[in-house]
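Next, two complexes with chain A in common: one pairs it with chain B, the other with chain C.
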Partner chain A sequence: MFRTIVWMQWKSTRALVLLTTIAAFALPLFSLKLGLNNYSPVGFVTTMQTVGSAYSILAALAGLLVALAAWRADHAGRHVYALSLPVTRPRYAMFRFGAGLLFMLPTVAAMLVGCLMVTFSGVIPEGLHAFPISLTLRFALATLVAYSIFFSISSSTNRTAGIIVAIIAGVIFAQYLLTVFGDNRQTVDLFDQLSKFIFIRPGILSVFSGRWMLIDA
Partner chain B sequence: MSFAIETKNLNCRLAKSFSITDLSMHVPERAVYGFLGPNGSGKTTTIRLLLGLLRPTSGNIAVLGMQVPDQSAAVLARIGYVPERLHLYPSLTVGEAMRYHSAFYPTWDEPWANEMTRQLQLDVTRPISVLSKGETGKLMMLLALAQRPDLLVLDEPTDGLDPVVRRDILGLLAQYVTDRQATVLISSHLVHELERICDWVGLMDHGRLVAELPMMEFKTGLKRLRVSGAPDSLSGSPFTLLVRERGNGVVEEWLVRGWTPSMQQYLESAGASLREVIDLDLEDGFVEMLRASRRAE
Partner chain C sequence: MRKGWLLAAALSVALAGDTSAQAAPRTELKLQRVRLDTLTAQWRRAKARLDAFDDSIARSRTLLDTIVVGHLRVLVSKSMRERIQPAVAATWVHLDSIFGNAAVMLDRHQFVVRQLLDMPDTISIGAVMRPGFRFPKGREIEKLWGRFSDTLVLRGLTIGATHLLSAEMDSSFSRWLYSDLNPDTVSTFHWTQTRLELLSSSATVAQRCYNGDIKACRITLRLEPVADRATEWFDADGRRKFFQQTFPWRYRSPLEDSCREGNDAACIAAIRQMRLFTPFPATAVLVSSVTQTALRLGGRNSLERLIKSKAPPERALAEAAGVPLDSVLKVWQRNARDARMPSQDVSLGIAATSLMWIAVCGALSLRSSRWR
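Then we have the complex of A and B:
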């Protein structure tokens, strides 16, 4: 049963997996090419740090695309087919989740290959070190986090999606009220507080923040 | 009598303006049960409740002796379901859809399914997204039957299909029911279509089950009577008086259920005179019962 679900889901995901796999392979090579444009180790590291955010964005994008593709077919039929199959809902959701996880593997593997190629290219400036395994592991973890979040949002009903949008709108509106009517000297920045809560360890998305360095001192 | 489907006081509120109310239905084992009702009467919602796709607000559902929604997965393994709209994945081809579907049903009959694709002239290499309405209808019925279910739940399976395809699909269904002694719940608003194949009828309106009776009783016992000189109230009537309307002069028109010719004596003993007994076909009966139920609301 799982094999059949993997095969069916692969049909709707393969193009996206190919895209993210190529991107994951190319990103480390691209960052090395940019880094080599700088002559000093400091400039090299600075360029690496700038490109670093692209890794987290790619991880989020890979998770998003595979998660959306996982439910696309079911959304089209308003989940009637899935619900009428003789499988419990949690089991069916786990099958779909598991199938999507498998499709992450080529992207993560491509990232590892790209990172290893950079590491063994022999062009890294002296005094700098490459971290291919730790960067790949971090990329894998970030992809997993993004996939899990988007998978659960994507599986939910329009009502749940509406609640999420309403919460975001509520935060924006509250910030607007605070800015307009609050004391200028003590205005609370909700976005700043929220992003600190989410992105700074142990926030749920902290894996996406910080330094994503393939090559560092 | 044992029932393949039995609900007790089922309630489900989906919106402010629509709910299934106090639904108690009984589908006998091995019966072909026609689930009639106008559009929006609650047939599809009831079917979704029976399959565990929706959760009731209150009440009890037993399907094939198991409780729904608690044992939905086990129940669904023995049910062939054809929904009113295409529910299959459009990116799959006909052959792929069969392969996918078969993975969930250990009882899947591969040789029969292959034979049927040839008989129904379904091209296994064609994507579902490009199938005509008739081909889609055939495929959905094929999938439901090839899993060899004990119970078939068909939600308007022939709606919008041309007569040839409709006949193909109903022929397939009739053959299966004869061979396997399966129970069928088939919803439709095409009354004449059900008249030929059903032995029980349930009539839905405004989320309520208005009537539930054997087809024979529905066809033969529902009459329009033209009566004169009847007293204002009838006591101990052997038939059910659904509607009583004044016609021209002293003649009244009655819609009755459970009528047999011997009941004429009862009318005469009550001082009434029976002028005419008019047979109603199923569609007339359907319309009249709906009217009667709406008047009673």
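Then we have the complex of A and C:
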């Protein structure tokens, strides 16, 4: 059954996977090209740092697209196909989740190939080092985290989505009240606290924050 | 009778004239009185403020208590003494480790940690130069303020102490160093910065230094005088690249254009003509890291020797390190070349956190009852 689900899911996902795979392959080469426009290693590293955020965005995008595609057919068909199968819902979701994980492989592999090509291009300025494996590993982890989050949200009920929206609205409203009625010097910045909670380890999106450097000093 | 009327009329005219003549000084008087009242009120307000200020100074003076740990003398608000004491003790251990025997010199000065009156949990940290040192009445310098924490106290006192010891150094060494002395060990990050600075310098002498030419390192670091920058800082290729890459936006003189086209004599002449835009290979990062290397090689007494030395930088560094300058430069060059930062892309922590969230989100999606 897993094979069948993989095949069906592949049909709805392959275009997106192809797109993200091409992007993952091209991104390291593109960053190298931009870096080579600089005359000095400092400029090269700065450019690499600037392009670094593109890796995290691509990882998030790849995870999002594959996760949404995993449930698209079910949402469109109102889960009739899934209900017709002789499996429990958790098992079915696990198959879907596993199939999506498999579809991440081409994108991650393309990233690895792109990074290795840059590493062995022989044009990296003297004194700088390439980190193709560690960058690819991080890209893989970030892609999987994004995929898991969006897969989980996509598989949830409207009520859960409502709760998430209500929490976000609650934080915004609480921050508004604190700003208006609180002592300016003592006011807690909820957004700041929340972003620290999310983006600083062990926050859920911490893998996306920090430096993404294919080539560094 | 007519005469009487005329007299009365003349008198009344005269009186009227006299009255209007008197009215002007009266108005002036009134204005002056108003002005005086205003000034008096302003003076009273200013005096009240001055009294309040004097009073607060007096109070803050009386409230300050002294903590002495090692050679570190810190004046603190009495109410904070208990909280600050451990941080001061930790700071002394830190300063003793990085300053070595030179830490003794700190007892000539003192530090102040004040609690800000209107912000109870906020402190300001200052270093006070002793009277007669640089300034006749002494001077409070290097203020750092923020929410109280042991780390802030350590940082503030370390910055202040470093500043004070830097001020004790010979002025020729200070000028060579550009910035405050940093006696701590060179971090890997600092080494990578040093490497980048060497490799990115437009002066080719810096790249020769990176490749192991110690004489080039001396020139790069301004530890050896240079007779002609055009020929000693650059080779022919470097000179041409310098004009092609560094100043492509500048006004193009015929000499520079000729240089860009490959005329080396024009390049030399153009660099010799330059005054303001000459690239300086010895950046603050480079001179700081070479000083730190000398201090590390010299051991515990190195900073003390450096501060007491009145020799020019090249000799002061050798005295501090206790070895010839070229040996210092060899170690420095090797470290700059070999030190390597580990990749920050992935770590065990990042991997573990990511896998945890993948598992959590996966488990949540299995639990959903969307179509049951």
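Note that in this section the second predicted complex is superposed on the first by the 215 of 217 C-alpha atoms of A that agree within 3 Å, B and C clash if a C-alpha of one lies under 4 Å from a C-alpha of the other, contacts with A are read in each partner's own complex, and residues count from 1 in each chain.
Note that in this section a contact is a pair of C-beta atoms (placed from the backbone, for glycine too) under 8 Å apart; a residue touches a chain by one contact, two chains touch by 3 or more.
Treat the numbers as computed from the prediction; the structure is a model and nothing was measured.
In the superposition on chain A, A:85 makes contact with chain B only, while chain C stays out of contact range.
In the superposed model, A:76 lies in contact with chain B only, and not with chain C.
More residues of chain A lie in touch with C than with the remaining chain of the pair chain B and chain C.
Legend: residue contacts after superposition of the two complexes on their common chain; A:135 is shown touching chain C, with no touch to chain B. Contacts of A:21 after superposition: neither chain B nor chain C is touched. Shared-chain residue A:4: touches chain B; no touch with chain C.
In the superposition on chain A, contact is made by A:12 with chain B only, not with chain C. When the two complexes are laid over each other on chain A, chain A has residues 83 in contact with both chain B and chain C. If you check the complex, the residues on chain C that touch chain A are 119, 192-193, 195-200, 202, 210, 241, 245-246, 337, 340-341, 343-346, 349-351, 353-358, 360-362, 364-372. Those residues of chain A that touch chain B in the complex are listed here as 1, 3-5, 8, 11-12, 73, 76-78, 80-81, 83-88. Interface residues of chain A, counted against chain C in their complex, comprise 39-43, 45, 74, 79, 82-83, 89-90, 93-94, 97, 125-127, 129, 131, 134-135, 137-138, 141-142, 144-145, 148-149, 151-152, 155-157, 160, 185, 201-204, 206-207, 210-213, 216-217.
Looking at the complex, you find that chain B touches chain A at residues 51-53, 72-77, 81, 83, 85-92, 96, 99-100, 103-105.
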